[in-house]
Amino acid sequence: MLARVGNYLCGDGQPLLLIAGPCVLQTRELAMEIGETLAQINERPDVNVVFKASFDKANRTSLAAKRGPGIDAGLRLLEAVGADSGLPVTTDIHLPEQAAPAAEVCELLQIPAFLARQTDLLVAAANTGRAVNVKKGQFMAPTDMRYAIDKLRGSFPVSDTISNPVEDDEPVPGKVLVCERGTFFGYGRLVNDMQSIPIMRSLGAPVVFDATHSVQQPGGLGGATGGNREMVEPLARAAVAIGCDALFFETHPQPETSPSDGANMIYLDQFAGLVDRLLRLRETVEGL
Amino acid sequence: MLARVGNYLCGDGQPLLLIAGPCVLQTRELAMEIGETLAQINERPDVNVVFKASFDKANRTSLAAKRGPGIDAGLRLLEAVGADSGLPVTTDIHLPEQAAPAAEVCELLQIPAFLARQTDLLVAAANTGRAVNVKKGQFMAPTDMRYAIDKLRGSFPVSDTISNPVEDDEPVPGKVLVCERGTFFGYGRLVNDMQSIPIMRSLGAPVVFDATHSVQQPGGLGGATGGNREMVEPLARAAVAIGCDALFFETHPQPETSPSDGANMIYLDQFAGLVDRLLRLRETVEGL
Amino acid sequence: MLARVGNYLCGDGQPLLLIAGPCVLQTRELAMEIGETLAQINERPDVNVVFKASFDKANRTSLAAKRGPGIDAGLRLLEAVGADSGLPVTTDIHLPEQAAPAAEVCELLQIPAFLARQTDLLVAAANTGRAVNVKKGQFMAPTDMRYAIDKLRGSFPVSDTISNPVEDDEPVPGKVLVCERGTFFGYGRLVNDMQSIPIMRSLGAPVVFDATHSVQQPGGLGGATGGNREMVEPLARAAVAIGCDALFFETHPQPETSPSDGANMIYLDQFAGLVDRLLRLRETVEGL
Amino acid sequence: MLARVGNYLCGDGQPLLLIAGPCVLQTRELAMEIGETLAQINERPDVNVVFKASFDKANRTSLAAKRGPGIDAGLRLLEAVGADSGLPVTTDIHLPEQAAPAAEVCELLQIPAFLARQTDLLVAAANTGRAVNVKKGQFMAPTDMRYAIDKLRGSFPVSDTISNPVEDDEPVPGKVLVCERGTFFGYGRLVNDMQSIPIMRSLGAPVVFDATHSVQQPGGLGGATGGNREMVEPLARAAVAIGCDALFFETHPQPETSPSDGANMIYLDQFAGLVDRLLRLRETVEGL
């Protein structure tokens, strides 16, 4: 089971796919700094890094919360980071009309968890021919992600569909990733059902574990979303051990200055060390 | 605490607001038949009826599932039902650009539960000046609906904002309804936390209880969503007893022929009887 | 569907069974005061009151928390309250060996929710021939209560079994009640799935709604269990509307002085008013 | 953070503690066969094995289900297995009076999850001076296990208390283990919140991960409890990666013949291989 993301392959026997970045785009300097650190990590042969940042936080808790630079400025900045760092880039889209412009810049399009069932958004993303990473809704069972996968597979361009058939036992890589990012578990709390990782893999798509958002505490901080950074690495270790194909982290040189998710992010200067531990763990897991 | 929906008032001391219709628009004949039955119910002084139908089911489980007539044909049909029955009409919108055209026809705009946190959609809805009914996301705590309410209240036209101030103790009616439609409770099942009704009322908006969708069983039927019609009336009774201001039901002369939600819908010829029982119960509750 | 509790009948067409008392036994004066108030309520024809108090709180959060007078002194006190008030009495048992002595005093034995699957405890309770009220475990589905019911029905004395056959359509009253008291809903919170009331009724036993414990907040107060008294009446109204056969409340003249559950209890001087409102609601429900 | 179980130490820097056996005691031959296999595994320096079997399944779903040989015959058999295999043995107790006789044979006493809050049972177990393994109730938050730990620590014999002080930073080993075995997650399903492992470790007791019971499906099979053996190893890997100190498995040469939990158990002839993979994983984790 494989998926192709730009020039990378993700899945069985492939390097870990690492999706990382600063949550939302802020300054050009910040994006470049993070892109540079990630490009250094990407020199390892056992990892393939994709730079991720949002141009718009479309579901902030409060109207007054900062949202990002918007799609035009955001995509220009992502393009610049990609050119500078040499990394493929990804971003999340919220409306069908955002798919095509985002696909001009991004090798991978991300569908937010709340929107995982919005048919038009999935169709628009697949129509671009780019790889798509769908986050499992906090309100969905892992087996229900088969429907998101089917919507995408039925909507890639014909030339792609030929080379990305639905059958799971085909050696031809697909273009769909699915992502575990936590499931509703009582008001204001998420739980990671680690069984979702092998269950979603059995649907025929490589699985991303979103370690950063899994430790969110929705509504936990009044008008903002809280979090618990200390649990990011423990959960990522568990996800690697149970067989995830990709990891997602938010990282920032100064998380406390980020407009969102600051409580969950990994300090940029600690990120390479974290990745190194997880790759050593993955090497053992692959050999079991 | 009041909200104005067209010429109706909903909330403390007001008639029950009853939002009802056939889930998705099918034929003109069907819509007219249901509108006629609802108009008869509307002759009671203790109830105010709004006709509801969707023009597009935007998050169907499967790509192949029928979605509806689309926004243009759908709004024309809603307009005709409204003219014919004399009832105000409502529909659900999925993209910000749908708010303005829908508002030309509808006295009330409905925000789907999965989209309850999409800021741009809420803002676009409120910008129309129409009343807005936001369903509580299956992944949200009732107290977190305060943020949806705030996003709406901050986005109504200025002339409206003057007459719809944020303070809850104002006698001037607002334009926001919030809706309990079930909360995620393990994979494939929803639970109604009936405490959410008084909790959301305490946020300053009248509360709708969506009796039909509360008995959905997500993912329960393979590629479709299951349901349990027998629980619709018992849950509606409980919601009335705990103090909801409005009820939402799907009703259809032949539920088994509906493209969606057939397992939850009330038979149209049994609907007036159901409403009568609930209104008798509400009369007692109001007198306690 | 009926159950016999002492001289009372509970279930279809019968008066509401009301189980009430001070949580745990404290002084003789307190028990007598509460018994007297309950005896006055019992003069109404539409309600049958059972006095309930615990002799031991066997699962307190902390070792240091007060537990009660113990079984010997506790049963003596219950006996005195019963004699004085003329009410039947009930208590909860925690070990099989407590069933027989408790049954000498109590017309109804209560099985705690955490212990709802302990076979020996259920068998010992049924062996006494007394009616038994089993609380649904916070970790159990309502349909799984059929196994608790079966364990009891298979263990009543033979003479009783003859007159209490398993078939649900028999007019002969049974001796089993089951109780909804909240289900685990994320750490530290319970939810009442009101559907559990009709679902458990369909298993052939009348259903008690425990309004007091349903508003507990487990672990919410450090070493004690928190609660939310304001939600007791709203939830009780919803339970009556959906068709419960019996209600359970804790009541106390000074809840804040109770060794446990103080945050949930109803003030004794407000109790008759609460019961009156619920009985008026039930009268309407019965007539629908 | 350490705990002593017989001659073993469990916790920081210690070999993995492995608790394993056939769920319930059946024949002497079976117990001896399993004990022999476990004794071979115990020859590895990186693991310490405890033989576990129940003498009574006290909370079976149905009255007719087999329960085991009872306490007297069961303890004799456990004693024989211990003598034959050279392994320490453990069993679960359900009533306070079972603690003392079980402690004559067992180096470790196990408290079932449903009974994790029964004060008298915890006190009786600790009074024996043996180590105690408390399973976290399916209805409990991991932080709430502090109360179970406190009840035990306050009840060990005085001579033990001196050498097992409450302070977590003491180098002297304690005698309490806590166990993650799944949390209620909607009717009929459990979820493992892997965060519970580091959270409960932070309470000062080594943590066992019960891989077998975590895959139970309560009520999933009509009158019996279902399960999913395929998820046992994936979950155990995740638990090792996140830092558990001990693992619990049920193993049986022919799981399908076991009176209970057959759907969850590991085949005995595959058990050493499973353990080997987990120990190799743990070695890497310890070196990160």
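Should a chain be cited, it is by its letter among A, B, C and D, assigned in written order, with residues numbered from 1 in that chain.
Here is the rule we go by: a residue touches a chain if its C-beta (ideal position, glycine included) is under 8 Å from a C-beta of that chain, and two chains touch if they have at least 3 such contacts.
Heads up on the chains, UniProt names are A, B, C, D = 2-dehydro-3-deoxyphosphooctonate aldolase.
These figures come from a predicted structure and were not determined experimentally.
K.L.:
So which chains count as neighbours of both chain B and chain D?
P.N.:
Looking at chain D and chain B together, the chains touching each of them are A, C.
K.L.:
Given the two chain pairs B-C and A-B, which is bridged by the higher number of C-beta pairs in contact?
P.N.:
Counting C-beta pairs in contact for B-C and A-B gives the edge to A-B.
K.L.:
From the centre of chain A, which other chain's Cα mean sits the farthest off?
P.N.:
C
K.L.:
Suppose each chain is reduced to the average of its Cα coordinates; what separation in Å results between chain A and chain C?
P.N.:
Roughly 50 Å separates the two chain centres.
K.L.:
Once you find the CA centre of chain B and the CA centre of chain C, what distance in Å lies between them?
P.N.:
Once rounded, the distance between the two centres reads 37 Å.
K.L.:
Could you give the separation in Å between the centres of chain A and chain B, each centre being the mean of its C-alpha atoms?
P.N.:
Result: the chain centres lie 34 Å from each other.
K.L.:
For chain C, what residues touch not just one other chain but two or more?
P.N.:
Counting only residues that touch two or more other chains, chain C contributes 183, 185, 187-188.
K.L.:
Which residues of chain B touch chain D in the complex?
P.N.:
Those in contact with chain D are residues 185-189.
K.L.:
Under the definition above, what is the set of chain B residues touching chain A in their complex?
P.N.:
Checking each residue of chain B against chain A gives 58-63, 67, 94-96, 114-115, 117-120, 123, 137-144, 147, 150-151, 154-155, 183-184, 187-188, 218-219, 223.
K.L.:
Quick one: in the complex, what on chain A touches chain D?
P.N.:
183, 185, 191-195, 197-198, 231, 234-235, 237-243, 277, 280-281, 283-285, 287-288
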